[in-house]
Amino acid sequence: MAAAVASAEDAVLRAILEIADDGLILGHRLSEWCGHAPMLEEELALANMGLDLLGQARALYAHAGALEGKGRTEDDFAFLRRERDYVNCLLVERDNRDFAHTMLRQLYFAAFMQPFWHATVQTSSDETLRGIAAKADKEMSYHLRHSGEWVIRMGDGTEESAARMADAVNELHRYTGELFMVSPARQQAIAAGLLPDPESLRDEWDETIATVFRAAKLELPEIRTMQKGGRDGIHGEDMGHLLAELQFMQRAYPGQTW
Amino acid sequence: EEFLKAFQARVDREEKIEPNDPMPEGYRRTLVRQIGQHAHSEIVGMLPEGNWITRAPSLRRKIALLAKVQDEGGHGLYLYSAAETLGVSREQMTEELLSGKAKYSSIFNYPTPTWADIGAIGWLVDGAAIMNQIPLCRCSYGPYARAMIRVCKEESFHQRQGYEIMMTLAKGSEEQKEMAQDALNRWWWPSLMMFGPSDSESTNSDQSMMWKIKRFSNDELRQKFITATVPQAEYLGLTIPDPDLRWNEKTQAYDHGEIDWAEFKAVIKGDGQMNRDRLRARNKAWDEGAWVREAALAHARKRADMKPIAQEAAE
Amino acid sequence: EEFLKAFQARVDREEKIEPNDPMPEGYRRTLVRQIGQHAHSEIVGMLPEGNWITRAPSLRRKIALLAKVQDEGGHGLYLYSAAETLGVSREQMTEELLSGKAKYSSIFNYPTPTWADIGAIGWLVDGAAIMNQIPLCRCSYGPYARAMIRVCKEESFHQRQGYEIMMTLAKGSEEQKEMAQDALNRWWWPSLMMFGPSDSESTNSDQSMMWKIKRFSNDELRQKFITATVPQAEYLGLTIPDPDLRWNEKTQAYDHGEIDWAEFKAVIKGDGQMNRDRLRARNKAWDEGAWVREAALAHARKRADMKPIAQEAAE
Amino acid sequence: MAAAVASAEDAVLRAILEIADDGLILGHRLSEWCGHAPMLEEELALANMGLDLLGQARALYAHAGALEGKGRTEDDFAFLRRERDYVNCLLVERDNRDFAHTMLRQLYFAAFMQPFWHATVQTSSDETLRGIAAKADKEMSYHLRHSGEWVIRMGDGTEESAARMADAVNELHRYTGELFMVSPARQQAIAAGLLPDPESLRDEWDETIATVFRAAKLELPEIRTMQKGGRDGIHGEDMGHLLAELQFMQRAYPGQTW
């Protein structure tokens, strides 16, 4: 269960797992497109983005394991926790649905993470994190550009694509609030100077989204209540099915080397 | 007549034929068919391996597998481009794949029920592919030869990766070793079939040899593959599922058991376990992606100054 | 005026009102709304539990869960039939559910992330439902009362089954016990909210009481539920997540902490974690089933002698 | 792996697992419809049929465990084997696709299993099997009637439903050959008088299908090569994903009581 945070070390670990889990789950979602994308170029682009995110997750899990010092490996974190212990935000676990949903999800996420990593490079007191961030910053710039261009294309494309984009906005926008929510663990990591405060990134995110939406002829929806729960390990019902696949081999063949 | 002779002379001098060079219609047709089939094989080949991306047993393997399948998509891209230099569009080739008119390698019509299949495909299927493809790096048609150089480099990386998966399993638990052996049992014969019918049965081969599209016969390549692979299997401690397989001192090659050509033909005709599922998956992706492609076109028309999507994705 | 009085007198004599009896429009409307919501709740309620059928941890549990969810579908059927006696068709009610116009119980807008949720739903959600429903077996409207008798019998079986799942977990491994406690933590407050707003806030209640559609106030029922459930939790060795919960000797009931009515309202308005997913799942099933329903109609038209599908399925 | 059959006892065990796995996997597939059927009456009917099949599987696994005498429980058989050890035929694992596929799959299966169980009641030397068969015979009669009526309705319904039925026939007919194939294990069980010979049921199956197809205005397709592999544990690629879900809890929480 998403247990109460006991110590400063626990808090940092937990805060890093939040970002790592975001990468793992979104990377997994992108990898589900493999072989099913709308065109060959997008097979490559989706795989690229998935690889970036999985790579970030790997580095972050390794760092978390080192910080924890209990010998947990990247695979222990990625494959051997309970659903309630994954602390990714809900946005990244939402199903791929169609290309509009997938690209909008990517835009929302990258528009947050690119400045997030950028600020981490500048300000984090943790050298390993700064290293991870420097690479991730560049990667997320590509995600942002690529997904932004697609959102514009689809938003200002055909009648059907515009309707699908609008539907995606309607579905997904209410998951963006969680990007800015600060869990108690995250608060400690911010206070310790390890990670940037999401609040400081809000203006940039707002502006990025507004700019893309303007070009895409999309309307920003009014959201009464932003969804939350992921950071407390309360995931939507797709998550369990995703994990059944993700964890299958590690669960079915425990303790083996692959 | 005169032209054909001159063309053959160029080929014989190992000059590369380039897109704008005059070439016999048969040469062009043969290349279009072969490059198209090769491209389709890369694309369809993404599916059996893609089946394990969401279930890969470690982060390292997950990333490597996703990257590998991505490479295959990339190979598809180069190959379609090479075929386009011969005046056939990617749309046209895609149509032929989706309608079932064009062929792709039958090996991808077998399912991947276990993780060891990912190892076996890398080791055997990519291994056999490389055997076929290395000579193509010297193919008389320039764009194809150049595409194959890049493809071969990546394939040989994939092959080593596959072998390493097999090695990990073969050195793993009893159950993992059994899984590896089972995969070898299932992939061995289909891999041998990848080289095509016996030379005595093979059509089109002679002309392709003359034109230096092909440089070795099916049986020669198959034999090379067996010779390379048997010691690898021995090193893994796995048994090749062919009781008739033995070293022949006289021929300095392995004798092997009879290939089940009836199965080969059935799978080619579309009756393999996965043929219909493969085509269905490709058709589904294509059909469900139609609105995306239309949107991209419509948007590009609206903003004529936009750069083409293909270029951007490649960045 | 005269009629209203006579009707009230019938109700007061505990006579059952039957479909063809004259009844005040408000009575009919209230019943249609309430029975409709109840039917919709059964249908939407299939989803959170259905989420675990393919992953149930044993064959016995898999079968029991599938049978339970099937019962819920059955309850939906009786209730739609009861509502139809009041002149509103199932199609019309379905439309209202799918468009988001009609409500269903907000409890089904919470997700079921663990297997223990299946236990907790049976124990708490079905438990709360029964508390609400037992008095409805004496509802003044005959068809509704009769449907509820059957529903209550099955619900109480489900409730025992849910409690037994919780018991198994609570007596199981440390991890299973933790899972059970976590589910209780998440389902407790939403279960209390199932009884609706506090009496001081509740609208429509008085008239429903007069008409003997309702027999107890929201707070009375909530209190009954708490009184029944607290000792069950104690027996399981689980802790109810309410630090203010304590027995009050004076009132001979449990005092409980403040319910988060803001959350209640947000979920009712459509902003719970699963609201949109639930409606989407129902709409998807309905839309994708359209061609099946059309085919059945078309075929029935062709063969006028065929028996209706509903009848056959019930056999 | 689907190991070679060593002894007569092994053969009987294996033959029973073939039928048990058919029930488990088809029951699982039907249960996937839950909450998603095209009408409420079919929610009930699909669940009914799923329950029948899961119940049959349970009884058969229990019987297999008793015959084997090594203490394996129904859940050990259902949840804790490797994919290559499941020996269901390919037909039952095919995905639900749409209602046409689902009902045709059910018809093909029931048209075989109803006579199969009927003959088992009459002729099996195993009393437990006769008991299971007597119940299953009645259950499969209902499946046969229900699915047959739907195949007729859809085949002779609208243009769309007819096209979907024809597509289903095209997809699924080639999996029906495996119903009649006799594995070496099955052969021994037949020889021992435990189970009927599928060959003896072929005429009845052919006639049932022909009758339904006639009424449904469907054409019997020509199949060059019937598909096989399931009885050797070589399943299609959907099977692994099905098992990842089916086995998840037992794998993730080994050795616990539920």
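Which chain is which? They are A, B, C and D, in the order written, and residues in each are numbered from 1.
Basically, a contact is a pair of C-beta atoms (placed from the backbone, for glycine too) under 8 Å apart; a residue touches a chain by one contact, two chains touch by 3 or more.
Computed from a prediction, not measured in an experiment: that's the story for all the values here.
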| item | value |
| --- | --- |
| Fewest touching-chain hops separating chain B from chain C | 2 |
| Common touching chains of chain B and chain A | D |
| Between chain D and chain C, distance of the C-alpha-averaged centres to the nearest whole Å | 35 |
| Cα-centroid distance, chain A relative to chain D, in whole angstrom | 42 |
| Per-residue overlap in chain B, given as positions that touch at least 2 other chains | 55 |
| Residues within chain D bordering two or more other chains | 82, 240, 244-245, 248 |
| Pairwise touch network: line, ring, star, complete, or other | other |
| Full enumeration of touching chain pairs | A-B, A-C, A-D, B-D, C-D |
| Interface residues, chain B side, partner chain A - complex | 43, 46-47, 50, 53-63, 66-67, 69-70, 73-74, 76-77, 80, 115, 165, 168, 172-173, 175-176, 281, 284-286, 288-296, 298-300, 302, 309-310, 312-315 |
| Complex contacts: residues of chain B adjacent to chain D | 48, 51, 55, 111-114, 178, 182, 186, 266, 269, 271, 273-274, 276-277 |
| Chain C contact footprint on chain D (complex, rising order) | 28, 31-32, 34-45, 47-48, 50-51, 54-55, 57-58, 61, 74-75, 78-79, 98-99, 142, 146, 149, 152-154, 156-158, 160-161, 164, 245-246, 248-250, 253, 256-258 |
| Partner chain D, residues of chain A touching it in the complex | 82, 240-241, 244-245, 247-248, 251-252, 254 |
| Residue ranges of chain A touching chain C (in the complex, touch as defined) | 1, 82-84, 90, 171, 174, 224-225, 227, 229, 233-237, 239-240, 244 |
